[in-house]
Amino acid sequence: MEIFALLDCIISPACLLSQAAGGLKIGMLLFLVASGLTLVFGVLGVINFAHGALYMLGAYFSWQIMSITGHFGLSVILGALGVGIFGLLFERILISRVYNADLLVQILLCYSVVLILDDLVMIIWGDEFLSSVGVPEVFQVPPLFIFDAIIPPFHLAIISMSFIVGLILWFIMTKTRFGRLVRAAAVNPKMLEALGININLLRACVFMLGSFLAGLGGALAASVGSVVSGMGNSIIIESFIVTVIGGMGSISGAFLASLIIGMARSFGAVAMPLFTDGLMFLIMVLVLVLRPQGLMGNKK
Amino acid sequence: MLFLNKDNFQRDVFLGLLVWLILIMFYFIFPDPGIHDIIQKVFILGLFAMSLNILIGYLGLIAFGHAAFFASGAYTLGLFLQSDFVSNLASFSIPVAMLLAVLVSGILATLIGAICIRLKDIYFSFLTLAFQMLIYSIILALVNITGGDQGLMGGFPKPPFLGINLGKPFDFYAFTIFISIITIVILRQIIESPFGYGLRMIRDNSERPAALGFSNQKHKLIAFIIAGSIAGLAGSLQALLDVGAYPEWAFWSKSAEPLFMILLGGMHSFLGPLMGALIFEILNDFVTANTRYYGLVLGLVILCFVLGLKKGLLDWILIKFNRK
Amino acid sequence: MLKLDKLSKSFGGILATDDVSLELKPNSINAVIGPNGAGKTTLFNLITGKISLDKGQIFIGNKNITNLTESEITHLGVARAFQITNIFPTLSVKDSIKVALLAKQHGLNNMWNRFKTHSINNKAEIIAKLSGLTKSYDTISSELSHGDQKLLDIALALALKPKVLLLDEPTAGMGPEERWKMIDRIQKLWKKTKMTVLFIEHDMDIVFDTAQNIYVLQQGSIIAEGTPKEIKNNKKVIEAYLGGGKK
């Protein structure tokens, strides 16, 4: 462990700021994906192991739309919407059959979909890495220098965009009728049914929203990194970590946890480059042992 | 044949040895090394899946980090055989290395299990997953010892012992199956003992045992340790087979494999996971020979089992035959 | 036999058990009655150590069992059957009783014997006979009738050879005829085994017919106790329970 490297970084404004900005970018992208996972778990009670595969699908969709239209904004939005619709079908055709099944069945069903999707994208788009969609022209400007820290404007854009999505999500969940219904469904679905609410429709909507968020994360990721089959397999584990640390079902918890994980990754890369992942799992273990319900979760 | 109707340890030992002899004859009747390889792997992975099924099928705990113990067994054996102890111990090296692999995995399972069993349901699953990934990260980080993401490279010697030379295909085949069968017979004894029924009791109703003057936690921990130790044994056999150990063996997807086998074979029959391993291996062999898209086929098969059959094959067969 | 001394327990500021004292004589059969939410089941949970006490002390014979764990208290001779049937769904009646018998004698740690051929079999048969489950001895618990599941719950408690048996609404969910059969069975059990029995029951006819001593619980405290005759004529009881709110 290189503790002095970490100290050096913290006392240097340039390093501190660029690592913090990097951590913020990682954290906010992660939040987009993980908020969808935690939302689906909170309302549907299903651990969607295929959430990472949906993220991958978002990346492929937006790559495809970009190569046809050449329009970045369109590729991100349509890519995410496409995943939302895919998620809707996935929920109606498969997930809805296992709501009452036990945990193992749900996990295996989702995992089988991961295996299938990972191969399907290879059949459709080939086994090779697809090079990233690329940063849109507006952002192809020299990086900002703040206290000598190099900060790419596009990263700032990703951070603010994720932040706005987070705000919208918060608004939907707390201020709208839909949000109130969703939160009520998480606590007592039977009661809602008795009140004449179509619970199946609500579940489908929530799953679609969750999938949309995964797709959005994937679509944005496609603009900064390459697109490849199996790219969802690490983000799903990170999303699990965020979900657990934040409290399963808690969106504000997911926000907090995403920031923690983003910073842990960014500064962990300075302090212990070989153990950055290990650090995340260590945090996860500690939270589960000391506070199993998560930082913002309600005790059962 | 009255002897065979009695479900006791002696009968199981007898049947186990009989199966072992049949498989040895099988080796000579079908000299295709590909088939021998499949059978070996079925037993190694079957052992892994059966150990996990102690927790899943008999205790009702969905452990999602079982590969941690498989990997710890593999790395312990590999590291020991690469060390200088081998020259001192000579012909005892392999038995000692295997014992050590089981012991280290058992100790690891004691530490991890003692913490995990305090949690329930999905929280238990997530904690086992977190511990496994922590161990995976440690393996990757300790490059000097484990070889990091390259795995334990350079191989290790396999000194003969008691006239068994594991470098020879036949010796390895007979030895691996023998060890597996003995372990399975012992596991059967544990599962059919009062202890095993204690597990079923906790699975069925975790609240009631306290009102019977029984404490669940100790029972759960012992089961966790047994499961971890057997997974370690399976890992050590796999390391002997591949003459190495790889970090992927500690990755979460390795924990999904025995889950598939349990699903395919059945979690409510003792030999279900072994049968699952057989299906898994045959599928693997057949599919990879014909297409690159193994995941697609495996995914579809699992989907059929989850939504169609809704239980493992052996479970399904046993229910069919018992219903008259 | 069982002595409660000023037990109190509150949940979130609400007193569920309020200064409850009582003493059961050896080999007596007693009933607790009271409206829903009077704290009857809470009282059982306190006695068996399932939940912890705020105040008070509990004795079995001369032994102070206050603050012991549920498992320890069970080993000292208190067993209970539950209001909502609490059995092992996939085990047969025989196997369920056997695990209960083995749990009592710490026999479930044994890995060397076979459960199926364990010598405990004879004892299990006796318990099954005592509980009237001989006919369904090999049936899987989840396939039993509701009444038999209730009996199995009691049989599990009996397997512990308790000094004090607590029965939480043994007749819950039963028709009138079935109720009397059940209570008959319990009376026979009590006479055979010389246990001290405390049961919760809603049916007044059953209570007055069966119990030697009755405790009336309301809002967590005992408002009256005595023989059926005394309770029938107790003004407080008539006012608060029998007269006012009889459903």
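For clarity, chains are labelled A, B and C in written order, and residue numbers in each chain start from 1.
One rule holds for everything that comes next: a residue touches a chain if its C-beta (ideal position, glycine included) is under 8 Å from a C-beta of that chain, and two chains touch if they have at least 3 such contacts.
Note that the structure is a prediction, hence the values are computed from the model and not measured.
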Next item on the list: Determine the set of chains touching chain B that also touch chain C.
Entry: none
Next item on the list: Starting from the Cα centroid of chain C, hunt down the chain whose centroid lies farthest away.
Entry: A
Check: Using CA atom averages as chain centres, what separation in Å is found between chain B and chain C?
Finding: 44
Notebook entry, point to check: Between chain A and chain B, what's the gap in Å when you average each chain's C-alpha atoms?
Noted result: 34
Checklist line | Gap in Å, rounded to a whole number, between the CA centres of chain C and chain A | finding: 51
Check: So in the complex, which bits of chain C are touching chain B?
Finding: 48, 50, 69-72, 74-75, 79-80, 82, 86-91, 95, 98-100, 102-104, 107-118, 156-157, 159-160
Next item on the list: Enumerate the contact residues on chain A facing chain B in the complex.
Entry: 47, 94, 97-98, 103-105, 107-109, 111-116, 118-120, 122-123, 233, 237, 240-241, 244, 248, 272, 274-275, 277-278, 281-282, 284-285, 288-289, 292
Margin query: Please output the residues of chain B touching chain A within their complex, sorted ascending.
Written below: 56, 62, 64, 115, 119, 121-123, 125-127, 129-131, 133-134, 136-138, 140-141, 143, 148, 252-253, 256, 259-260, 263, 293-296, 298-300, 302-303, 306-307
Check: Given the complex with chain C, which residues does chain B contribute to the contact?
Finding: 7-9, 189-190, 192-198, 200-201, 203-205, 207-215, 219
